[in-house]
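Please find one structure pasted underneath; my questions will follow.
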Amino acid sequence: MKFLSFSGWKTRMQALGLALLVGVAGLTGTFDVLAQDATAPVAEAVAEAAAEPVVDKGDVAWMLTSTLLVLLMVVPGLALFYGGMVRSKNVLSVLIHVISVFSLLVVLWIVYGYSLAFSGEGAWIGNLDKLFLKGVTIDTLAATFTDGVSLPEYVFVAFQSTFAGITGALIVGAFAERVKFSAVLLFSVIWFTLGYLPIAHMVWATGGFLFERGALDFAGGTVVHINAGIAGLVGAYFVGKRVGYGREALKPHNVTLTFVGASLLWVGWFGFNAGSNLEATAGAALAFINTLVATAAAVLAWALTEKLTKGKASALGVASGAVAGLVGITPAAGLVGPLGAIAIGLAAGVICVWGVTGLKKLLKVDDTADVFGVHAIGGIVGAILTGVFYAPGLGGLGGDDFDMGAQVATQALGVVMTIAWIGIVSVVGFLVAKLVFGLRVSEEAEREGLDITTHGESAYES
Amino acid sequence: MKLIIAIIRPFKLDEVREALGEAGVSGLTVTEVKGFGRQKGHTELYRGAEYVVDFLPKLKIEAAVSDEVFDAALEAITKSAGTGKVGDGKVFVVALDQVIRIRTGEIGADAL
Amino acid sequence: MKFLSFSGWKTRMQALGLALLVGVAGLTGTFDVLAQDATAPVAEAVAEAAAEPVVDKGDVAWMLTSTLLVLLMVVPGLALFYGGMVRSKNVLSVLIHVISVFSLLVVLWIVYGYSLAFSGEGAWIGNLDKLFLKGVTIDTLAATFTDGVSLPEYVFVAFQSTFAGITGALIVGAFAERVKFSAVLLFSVIWFTLGYLPIAHMVWATGGFLFERGALDFAGGTVVHINAGIAGLVGAYFVGKRVGYGREALKPHNVTLTFVGASLLWVGWFGFNAGSNLEATAGAALAFINTLVATAAAVLAWALTEKLTKGKASALGVASGAVAGLVGITPAAGLVGPLGAIAIGLAAGVICVWGVTGLKKLLKVDDTADVFGVHAIGGIVGAILTGVFYAPGLGGLGGDDFDMGAQVATQALGVVMTIAWIGIVSVVGFLVAKLVFGLRVSEEAEREGLDITTHGESAYES
Amino acid sequence: MKFLSFSGWKTRMQALGLALLVGVAGLTGTFDVLAQDATAPVAEAVAEAAAEPVVDKGDVAWMLTSTLLVLLMVVPGLALFYGGMVRSKNVLSVLIHVISVFSLLVVLWIVYGYSLAFSGEGAWIGNLDKLFLKGVTIDTLAATFTDGVSLPEYVFVAFQSTFAGITGALIVGAFAERVKFSAVLLFSVIWFTLGYLPIAHMVWATGGFLFERGALDFAGGTVVHINAGIAGLVGAYFVGKRVGYGREALKPHNVTLTFVGASLLWVGWFGFNAGSNLEATAGAALAFINTLVATAAAVLAWALTEKLTKGKASALGVASGAVAGLVGITPAAGLVGPLGAIAIGLAAGVICVWGVTGLKKLLKVDDTADVFGVHAIGGIVGAILTGVFYAPGLGGLGGDDFDMGAQVATQALGVVMTIAWIGIVSVVGFLVAKLVFGLRVSEEAEREGLDITTHGESAYES
Amino acid sequence: MKLIIAIIRPFKLDEVREALGEAGVSGLTVTEVKGFGRQKGHTELYRGAEYVVDFLPKLKIEAAVSDEVFDAALEAITKSAGTGKVGDGKVFVVALDQVIRIRTGEIGADAL
Amino acid sequence: MKLIIAIIRPFKLDEVREALGEAGVSGLTVTEVKGFGRQKGHTELYRGAEYVVDFLPKLKIEAAVSDEVFDAALEAITKSAGTGKVGDGKVFVVALDQVIRIRTGEIGADAL
């Protein structure tokens, strides 16, 4: 296993990268100890054996619905969630970043992403056999978690493409309001290729390193949220703070939009979480109800935490709480019971308040939309607690031989590997983007706003 | 003729307008402004940051008045706009050299 | 049957309550006359007998979709519908009320709501056997209206939880812009426990008082809309009028948002209405097309009524018309034919214009978002007309022995019982909330706006 | 195949009408040459034979979902897409036009639309056998493209009603900000009756002129988009330019809303395109993934074209690009492979930039929301390219005997017929509306804005 | 030097700006305001309530001018802003004590 | 007493407010305005059309000051608002006849 080397920008980043490397190396030694049978219900990407696999139209209906729900999460969901949080002079730039990165990654997914993620059974990455969807036709199938039950492969390709797309789009919230559009696009390609595809393969594909070790990640807590949160954090460091940060009030220009965005994220997330069951069964229903109640609990938890610590519960708070709950329940969605889900939602809601306040201050970073504080922190909370509430005694679906300690260790391994891998890839990505295009617009352009200066228009007129 | 410029609390607009009407002022122009003064703003919370909102929403009323109604107008405003709490606002008076009604070309007090 | 007694706050409220009590008492005497076999297609909550019940993935797909559609109705749908109608200084408070009440009730639904509503066959309320979803697992099933066809119980729990949540959220529109947040939350819990759960049980659960009498309420005209409308009306009286009401123009700050909200309510309502069929069959399709055409008819009816009576058709009007039509068709959705649905839509559209204008003036109440005028009035129109257009001769699904007079009487009974029960519970709820927290913010806080004073933020910045 | 020349303005329109008539007559003579077996997978409206047709609940679930997605496209999708593009003084009028026209057409669909479009097998129009849905019940079925697989007829009626509704609603964007509301409604009825119903019948119904000739139009490229684009263009000519057009900056008042609208159009379009498969099969999945990737490609293509030609990629551009891609892929959705879809998306993205800039200047027309430049141009690009990428060698589903030249000619025939037919009908419709109500509000009302002057309200208050 | 304050109809802005430009006025500042005067507003309908909109959207133009161009500027405004209907607006003139261009520190007429 | 009217770049507000505060000015009123002057606006693109945005967003600050602090206030503004690039804005000074504090009825310099 080789990692890319890189050289100085901020020594802080180097230190971080090195520390992560060491951490991973250390953990790698414990893999055999932690390893256990991959009994977790994760996808065998494409059916190969399975005599006469059956395709059920109910599954197809649900999975198509789920796929479009993930699109709904991105546009307009995420775009509004982020767009409302920036100043009105930058809202269009955020919308453009979100839709462009998503579009770009969806196209790249067809070109080589799907193949590298889901074709072949290597430990770290797939192969290029399905470049340009070669061999994928209206007749090919993809396996579900149930033997003998398949989906049209196009369904699986489409569903997974939206996961890649949303992960990339999540990142851009961290350095909004000052980043160069070209740099965002270049970074996205690098991160997608070297970061997202390997992690997705490792976690979800047969033969994948973490998949084989039994790491539980029902719908993408590590692959999507920790991943995006870390890449965002690195980006926020590299791009630097906004002009006026810490002095002026850099307020959301439209909290209503942010609320709408959070609401659509909640609605769409059922596709994300219950769709990850790949079938319209009671398992999907469990993932569904967990996604409902964990989020509700997190909304209440965030509001209460704000009320107790600051005296007032805010709308930005309930919106953030919803997202925190959603992130937290993602890895656990189909694996824990509703009470476990409520517990995870409460934990994510409370801890992420700290993620966007105390921790954020500690990190001295200007993460515009708190991608790190919500997605990475909430993702870590969820990943670890999945290992806890999977326990049958706590209402989870784990078997009688479930070993909580071992599972939590495996979960931690997944978290640390993702942090390390994505941390390094992100550093590389931003360094390259910096060299090629530069990362920031001029201070004058930033003052005037990216909408006018980069995109030639302003969002609002009377 | 005088130009009266009054900074008032937004919710006082209707009262002030009525009072001015009774004082014989037939027209006025209103602008939404932000005021900074003794009155303390609320604290707003955003993720990881608190801002004291120094600038409070106020309305600026501009009314051009003839010398005859000037005193009545001033009194109308000060009476109708007050609550007795900090932040009630101020009235500024400026001399007007000339007034023209665009529609008719009338000038001076006739134009008011 | 005992009702709670209460004493004075406004004599007006007492009089209302008493009148309702008397009305109910009178009607109760006629129950046996009205009673008939419960042939109406309403749910047996949980399958018990049914040898080898079948779960169809198509049903699961549709019901999961329906459930998330109801969530879409609440956030962002209802939140925007109401949020656009208030002044910009209060929009966030409305959004927070809607999402918090919904979240709270969904969590309480898991804790005791589902059990009290759907476990056990009492006439008035269920039992506590399924507290904390005890005994509900990935393997338990819930019955549909078709013998031998079941759903995973989690689907039913989730679907029904959103009904409870939206009903509570609907109420808050009536006293927006001046109510205390804490009072809203406390009232919601009281109303949910003493009001919503009994009514839902009575109407939808086997053994329920109205269920057994054959009251028709396909998707919740009484349980949801009349219920919310009455609670809202009582709340608007108790909380009192907004400062400036009747003198200043208390205008919607953003009619576009209200329009978007109404649109999403329309879209989501298919989950509400066609989802209430519990299966993806022609019955769902009938409920679906009725929900489409009744709403279209109501939009046109409201616009035309406004044009004729005021000279101009407004956007707030078409948005309100859509909601009125949706409310009206709710109890009838799967029971009448498309022409009946159009008739109901037209009636609801026209009559609710009066509900929010003439009647509102009569009642001398400041119902901010016209929860009473649209949801209670539209709900009553729909409940009664369901008894009419259910007739086979009018295109409805009623059998050949259908007796319109008897059915309309039964429908009226359901309406009156709901009004009485919820009226009393709401009075109790608001009295308690008044005692504990007080119902209103200070006049100064109201002037400055709840967003800043209660929630510490403002919605819009430039 | 000849194109028409014309001169003059009022005379120009007259000439256009005449020329179109002549053109159609001329083209009709070539039909037999172009005709070929109707192997295209288009619907037989209602099952008649089919011993024991099967209804699958998965299909019902998907088709109900698809139908509501088309509603989502209209309200709030299209309403916001257009509403954001106009000035704030006219936004409500646009919202009202969109929802009213949709509502009106949905009701008319029940009254006579469905019958004229899908009952009977004439070449040009159906019959009146199903007036007021006579004979349509909860037990009647509609055929799908697969023998022996049916849908409840109500599903088909509802699905198709939304197509009629959205097509009418699309038109109103072309002459927004100055048209009379009454004229819009009257025109819509004329155009629906004489324009939409015949074209829908010709293209989609058994026996229909174009259907029998094998014109490929998977989801309505001609029936919906070219149709709406042409009607819009004619309308923009008839109604005339907005006051100030060409001199003042008539800017979108809220590009964020337009972006949200475009996003919801994307999300909803899966119902439109993948729903047109009528079953939840791999065919729907193909239409689905094509709708995803073509749009993504068009977003990138439009942005890049703007960047290269104007120096800046705008948000209005990416939003328009998404819609252009969606329009382009519509006729091809279930017929080409994903790479073909990407190609179509790229083509539509690039060419429609010209449609809304260069071509628009040439046409000297004030098409407010560029209905012609995006829907007609994108529709034509898509219709023609469907004939290209249907080729099996290019990844399409065409058989081995596929003849690209002949198919493209058939496609062109469909395009020209639609342009001619709708052109003439629109001229008639606007002339009648002009005579009856007049087409434009007064200049003073236009200056003040339609919201206040026609609808008595304004959208935004503080 | 004078400060000319004109209240005009919003759609007249471009015409007025051009006219002022021709009259030799090189800069101006525009504010969105609400005007109350003789012109009647429309009635707006909201559920169960009708409001007469007294306050109509207007634009306020402020232009500081030197004494040389003053007369031409006044005429430019009154000519270009008129429609002859009630609500065309007013022009107010106030004496200016001083003008400074922030960028250069120039003062007086040079700063205009 | 003088009324100082300054047109400045929006992002300079905080600096100017602080500078004025140090100069002894305790209150001010801010309005969002659009300015037209030498500074060139950006070109905005809309479908098939390009518009040069002549009017740029500026802030107008109005501060009533007593004669004592007048000079310091002027200097504070010109120093804190400048960037040296075209578009920094202007300061206009108008004589104030009267000032009244609504809350207390104080008049003249006491009211500031």
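By written order: A, B, C, D, E and F. Residues from 1 in each chain.
Simple rule for what comes next: contacts are C-beta pairs under 8 Å (C-beta built on N, C-alpha and C of every residue); 3 or more make two chains touch, one makes a residue touch a chain.
Every value quoted in this text rests on a predicted model; they were computed, and no experiment measured them.
Engineer: By that same contact rule, can you tell me which chains touch chain A and chain F alike?
Structural biologist: The common neighbours are B, D.
Engineer: Taking contacts as defined above, which has more of them, C-E or D-E?
Structural biologist: Greater number of contacting C-beta pairs: C-E.
Engineer: Just the number, please: Cα centre separation of chain A and chain B in whole Å.
Structural biologist: Using C-alpha averages as centres, the distance is 52 Å.
Engineer: Please tell me the distance, in whole Å, between the geometric centres of chain B and chain F computed from their C-alpha atoms.
Structural biologist: A distance of 18 Å separates the two centres.
Engineer: Averaging over Cα atoms per chain, report the distance between chain A and chain D in Å.
Structural biologist: 36
Engineer: By residue number and range, which residues of chain B touch two or more other chains?
Structural biologist: Within chain B, the residues that touch at least two other chains are 31-32, 44-46, 53, 94-95.
Engineer: Among all residues of chain A, which ones touch two or more of the remaining chains?
Structural biologist: 56-59, 61-62, 65, 251-252, 254, 310, 312, 314, 316, 456-458, 462, in rising order.
Engineer: Hey, which chains are touching each other here?
Structural biologist: Between chains, contact exists in these pairs: A-B, A-C, A-D, A-F, B-C, B-E, B-F, C-D, C-E, D-E, D-F, E-F.
Engineer: For the complex, give me every residue of chain B touching chain C.
Structural biologist: 11, 14, 42-46, 53
Engineer: Looking at the complex, which residues from chain D come into contact with chain A?
Structural biologist: Residue positions touching the partner: 56-59, 61-62, 65, 69, 87-88, 251-256, 259-260, 262-264, 266-267, 270, 274, 279-286, 288-289, 292-293, 295-297, 299-300, 303, 310-316, 318, 322, 337-339, 342, 397.
Engineer: Could you please specify the touching residues of chain D with respect to chain E in the complex?
Structural biologist: 244, 247-248, 447-448, 452-453, 456-458
Engineer: Along chain A, where are the residues that touch chain B in the complex?
Structural biologist: Within the complex, chain A touches chain B at residues 249-252, 306, 310, 312, 314, 316-317, 320, 356-357, 360-361, 370, 373.
Engineer: Which chain B residues qualify as touching chain E in the complex?
Structural biologist: 3, 17, 26-31, 62, 64, 94-103, 105, 111
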